[in-house]
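Take a look at the structures below.
Common to both upcoming complexes is chain A, partnered first by chain B, then by chain C.
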Partner chain A sequence: MSHGHSAALEAHLDTANIRLGGAGLKARRLALAAGVVGIGASVLLGGAYGGEHGIFLIKSWLQVFLLVLSASLGALFFVIIQHLTHAGWSVTVRRPAELIASNLTWIWVLFLPFVVMAATGKLGVLFPWADLEHLKAHAPGEYDLVVAKSAFLNQPFFWIRAAVYFLVWALLARFYLKGSLEVGETGNVAVEARLSKWAGPSAILFGLTTSFAAFDWIMSLSPGWFSTMFGVYFFAACATTGFSTIIICCLLLQRSGRLQGLVSAEHYQDLGKLLFGFGIVFWAYIAFSQYMLIWYANIPEETGWYLARQIGNWPYVSLALLFGHFVIPFLGLISKWPKRMPQFLMLGALWMIAFAWVDFFWLVMPTIPHELAEAADYMAIVEAYRDAPTGIFNPINLTMTMGLVGIYAWATLNRLERYPLVCRRDPWLQNAVAFENM
Partner chain B sequence: MSTLPVGMGGSGIAPATIGGEIDNTGSHPGRREPLVLGMDTFGEVTRTVCRVTEAKRPPFAWYIAFGLSVSLVGLLGFCVLYLIATGVGVWGLNNPVMWAFDITNFVFWIGIGHAGTLISAILFLFRQKWRTGINRFAEAMTIFAVMCAGIFPAIHVGRVWVVYWLFPIPNQMEMWPQFRSPLLWDVFAVSTYFTVSLLFWFAGMVPDLATLRDRATTKFRQFAYGLFALGWRGSNRHWHRYERAYLLLAALSTPLVLSVHSVVSFDFATSQLPGWHTTIFPPYFVAGAIFSGFAMVVTLAVPAREMFGLKNLITLRHLDNMNKIILVTGCMVGYAYGMEFFIAWYSGALYEKFAFINRAFGQYWWAYWIMVSCNVITPQLFWFKAIRTSIPLMFILSLFVNVGMWFERYVIIVTSLANDFLPSSWDRFIPTWVDIGTMLGAFGLFFTLFLLFCRFLPMIAMAEVKAVMPQADPHFGEDHGDHDHAAKGSHA
Partner chain C sequence: MSTLVTTPRESTGGSGVPGHRRVYGVIAEFETPGAILKAAEQVRLAGYRWWDCCTPFPVHGLDKAMGVKNTILPWLVFGAGATGTTVAFLLQSFTNSFDFTIWAMVWVTGYPFLISGKPLLSLPAFIPVMFELTILLAATSCFGLMFLFNGLPRHSHPLLANDRFRRVTNDRFFVVIETRDPRYRPGHTEEFLRSLGPVAVEAVEEEPCPE
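Our next item is the complex of A and B:
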């Protein structure tokens, strides 16, 4: 197969075009510095204020951790689907996706603060079910509900599950990266066939682990609340950040003179379509369906979660999400030309990551008022929380984002530097380079 | 045809076969298997497809199938007339179970339609070229299925002569439907769906109708096909307009794939009834609809390709791909069943927990386990390629899915209603002969329409199939079988 490449394609596979080399060095240093400074500043800010800010600090960590995690999970989903469907068009953008996904091999490190919290008996600050005594004293109504589900929401099982998720993700990401690297070296179609063969089971493992991770790490922040759709919602969020990150990564690589002649407007149009379809429209479909059904049925067990996002200053965040995560990007990316124009697509992808950040902020930060169970009516709660702040202007938001995203970017750049940027002997490479939208 | 021409992806040697059919299901990284077998020219495609409608008589099996189906339509007519003349009391409905076979059939048929829309719209946007072999009759199936579905809400209202009240028609009585009810949204969703599907189906068929017109040998055929071919001449400008319209209709149909069954799921999920009110319903219903729809496409495609000699156009690869989609959507449905059960427990809601345990182990346990077996367990056999490519086995499994998906709706509707909050009002639904007759009659109507379609309209989108043949490539024939082929034609 190796002799099958045309001369033009061989030229594009030159080392200078498919290795990052020293080009990312400055960016890498900058990312690492931002990461260290950001995390340090966050801890200082959180520690200095103590109390409220301490809780905000750890919630903020969880929020941004979920943001970077979702980017890798979204990229992993992309890779699995390409193999599952024997896709030909995507080979030239698949390696960056594989490298973004391969962050899943170390991402558990960012989960360690929660281990520390558990070790010091403080996990209940974040997850109310982890401190039943406290819950019993402060919210007896919710306590009864939470005790009933303690067979699932208990610390040993929580940690076992977390370990399983991280292990499955790391193995999947490694499996697909290693296989792809091998195909890139040898052009061995048997390896390619193996990757496709395991794509089905991989997709199932991916679906189950992400769903339950969403239950564990987001839904159980309000342990009384439940929604069967929640795993799908998190999946949609992963699609948003995953596709956006792949787009940004490819655009930046091309800006630094790499992947020339390999990735074209055609590929960006397709990645843009996927971002549009899954990250914008499907997300809105799921978010709307979940909200509409709970709003319409109006059962108190369920509505509290949305009430927490409608009181105080939260409506502004909720509406920002509606317009920023759906209406505006929907109009912005629906046409063909914005998806094919690098500057515009870059703006779109950055915009979507910004609103994915808002989405996770909206998922993680609000707490359902404890007095809800005893309150005579909703309006009393609404009135009592009229001025409740959202914390969106807390400086920790900025420092924490800088910190964890910086570390994540640094690790990703390291990976981009270490490996070829394209699977050079992939049997579909020829097809991918020649690919055109109708 | 014992060998594949070199230019069609074959190597010139005799191809492997499965069960006597050419095996084009292999996955060879870097190379796609051909979608059209044993045909070197576009003319052969035209002749193969047109033969079905141009033959003097359809195959004998067609008459048998048609006779059976028309008899069932008679049964449908009789049951509906009897119902209208007598009242909905002729069904087995009772006080807690106020919806049963009627709405089960409605949701079942709406679901069946979804495969057609997915194939024609979403698979088009995903550039799945294999869709061209099956899209036409899958779209026809969509339209007929929606017609069957439409019967049930219309007749279940009882006073069917005022059924137009479903629509918000201005009237001097100042009477309007309840706009806040998902049942009304259903009216809009389903009628939009029907309209767009019909337009899409018809617009896509225009070039093929023109082909039939041009080949027609009798005055009547010339007139009839000519009328519906809308003066199509196949000019460059016609094709340009046609492709734009196709893309736009595909884009319009894509949200409909999601919206229609989501709205149908709202009929249940907006309520407060345990087992109905759960947030996963919209995507779960959509996945289920696609699942059942593809099963029905396989159920129809297997005999149709046999009966009309279309094995070279609806190949094993098409069937293999459809079976894969059945497997994927079957797993999604299984995911939804699992999530419902898990969250029913996790919610801590007493009634929710009861509803699900009652489904699995209560008076309707048998229906629940038919549903789980047919929808989640047996489709897992499609993991094995030998089963995905075995004609008899896929036919049987597709029938299982049809049965399972009918029971899914039955389980959702009847079990939740029969055992509601108040044990003193619990009851059991027992279908009457009218229930069963109407259900069978709807199948009769569906198959009658489908058989008529097969006989009189182009069953396969000839123009679209030709476009995915290697011969459609402007550079075809310049370098037979050379691996450099794609690179030379920069547009490839």
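Our next item is the complex of A and C:
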């Protein structure tokens, strides 16, 4: 069957061009080795650098877990909006995104350390609301705020919600990958229509689950604090890592000689636009909106969260985020040519992932000084925490990143090896290959 | 395949012979996007400068075939945006944070105004206005300059009075070479266009000037 593809296009759909084969074998083994060594080294270093109760170790795990999770969630978002808008241009870059998103079927494994913590009664070390007795004894002011939220912030409900998030993400990622694989085999338009039909409900489910996951896993680290736009902030972070990961994945596949003649500068320009629009500008818009409302209203139970990020050495990290996550990449990627130049776009995507890492570090690591709830004088606290370290040079950062990103890269390469790298019989494939930015 | 149409008052290109209208330019009509792509490349290679292609829909690769250079519009928009940021910051910091006097059409003095205990010069409070003015100036300059660069608004155009040219909104593709092109030679240019394999070549007259 010809499926209406031109001869030139059929030549590009040759197995050697759309199958990774053994080309990723070395990288895959390297990633697995980095993962195992990284996690092992982190656990070993946990005793020396993890602080009391290994708190730094577990926070670092949470931070890097969120980083790799956000890459898959961002990719899932990309896949859903392509179907939602019936986009033709993106067919040639959609399969890598689907495969990155399909990591959501196993990502719950990386959440197991928290299950172990809960099973041994230690969850309160990370999430203060999980150990109300301890909170009452150490921060009675915050205790009152947190008790009022215990209908939501209690362990049984927390675990039910976590299970729902993982289930929804796994089902969505599987649904879109399976459907795409079927279209790739048969060119069945009915399947494509089904994927589009469910894109709307999928987007709603995606929005709700990511927002609530952000409330549960990041915001509830400081359970006295709240921000109604926090879910959107996490979504913006997902866009940053997700689009960056898709870009890096496509560039590396092309560097290994795959997807030749299928993915062009036109596709990279559009992926770059999405990264620029969502991952850089929208992120900054949301981050600033959240900051400004709290700064202006100046209510102590809200400002405490930002105070924790402005005392000691934290201003350096906060400013690094402002310039590294917004100002510099904004100027760097605003033009057309950097998005069309593979080397520059690769640099931009890696840069954005590095600062997404800093972003999650900034979200997860700081703790609001427990004296704050009763404090009469803010400046006394600022003075007391004058030399508070950030822990950004803690070696666990390096080993943990190596570990979890290694495991994630290994799993992603596994998927890239197992499936065709492009949806071969997609009715829009010809359009996607011919796509040009006007 | 080409039905050649006589070019009325062919020899008048450029000069204002009484009773004869000036010739605005020559159009060549093509039937397919592929044909106009090839033709555009030939016209570019022949060294013409004052010419254009008119098509019913955007044709991929036509810019490249014509050798159209990138517009400088993005740089001007960036400049306008940066101006907006700067002006908004200066305006707000001057009016809210300082009390010196400057001359801006009239003598104006800043009015330091303490709002909810924030510092007089507090950037976060200024950013929404800086953002808005950036967008305002960038968007309006982009909109306005785009029209200006395109020579718009313009109420009429010689091509629009040509009957053959009307099919440009439906199914025909046209190359237009204007007589003001330094390489334009009456007769010679028409001959050149015919060599590109159009379905028709025709001269287009300037519109009559109102008496």
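Assume the second predicted complex is superposed on the first by the 429 of 438 C-alpha atoms of A that agree within 3 Å, B and C clash if a C-alpha of one lies under 4 Å from a C-alpha of the other, contacts with A are read in each partner's own complex, and residues count from 1 in each chain.
The criterion applied here is as follows: contacts are C-beta pairs under 8 Å (C-beta built on N, C-alpha and C of every residue); 3 or more make two chains touch, one makes a residue touch a chain.
The shown structure was predicted, so the numbers you read here are calculated from the model rather than taken from an experiment.
With chain A superposed, do chain B and chain C clash or fit?
clash
Now for A:I286: first (chain B), second (chain C), both, or neither, which partner does it touch?
A:I286: touches chain B, not chain C.
Once chain A of both complexes is superposed, is A:I204 in touch with chain B (first), chain C (second), both, or neither?
first
Check whether A:Y296 is in contact with chain B, with chain C, with both or with neither, and answer first, second, both or neither.
both
Tell me which partner A:K149 touches in the superposition: chain B (first), chain C (second), both or neither.
So A:K149 only meets chain B here.
Regarding the shared-chain residue A:S335, is it in contact with chain B (first), chain C (second), both, or neither?
After superposing on A, A:S335 lies in contact with chain C but is clear of chain B.
On the A-aligned overlay, A:E133 touches which partner chain: chain B = first, chain C = second, or both, or neither?
After superposition on chain A, A:E133 lies in contact with neither partner.
Touch check for A:W428: first (chain B), second (chain C), both, or neither?
A:W428: touches chain B, not chain C.
So which one touches more of the residues on chain A, chain B or chain C?
Answer, by number of touched residues of chain A: B.
Contact-wise, after the overlay, does A:E436 reach chain B, chain C, both or neither (first, second, both, neither)?
A:E436 sits against chain B and chain C alike.
Show which residues of chain A both chain B and chain C reach, each in its own complex.
In the superposed arrangement, which is not itself an observed complex, chain A uses residues 292, 296, 434, 436, 438 for both chain B and chain C.
Under the touch definition given earlier, write down the residues of chain A that touch chain C in their complex.
Counting only chain A, the residues touching chain C are 288, 291-292, 295-296, 298, 334-336, 434, 436, 438.
What part of chain B is in contact with chain A in the complex they form?
These residues of chain B touch chain A: 27-32, 125, 127, 243, 255, 258, 262, 266, 269-272, 277-283, 327, 331, 335-336, 339-340, 343, 345-349, 383, 483-484, 486-492.
Could you list, by residue number, the parts of chain C that touch chain A in their complex?
Residue positions touching the partner: 58, 60-61, 74, 78, 116-118, 124-125, 127-128.
Along chain A, where are the residues that touch chain B in the complex?
Touch list, chain A to chain B: 1, 4-6, 8-9, 86, 88-89, 145, 148-149, 152, 189, 192-193, 196, 200, 204, 207-208, 211, 215, 224, 226-232, 273, 281, 285-286, 289-290, 292-294, 296-297, 299, 301, 426-428, 430-431, 433-434, 436, 438.
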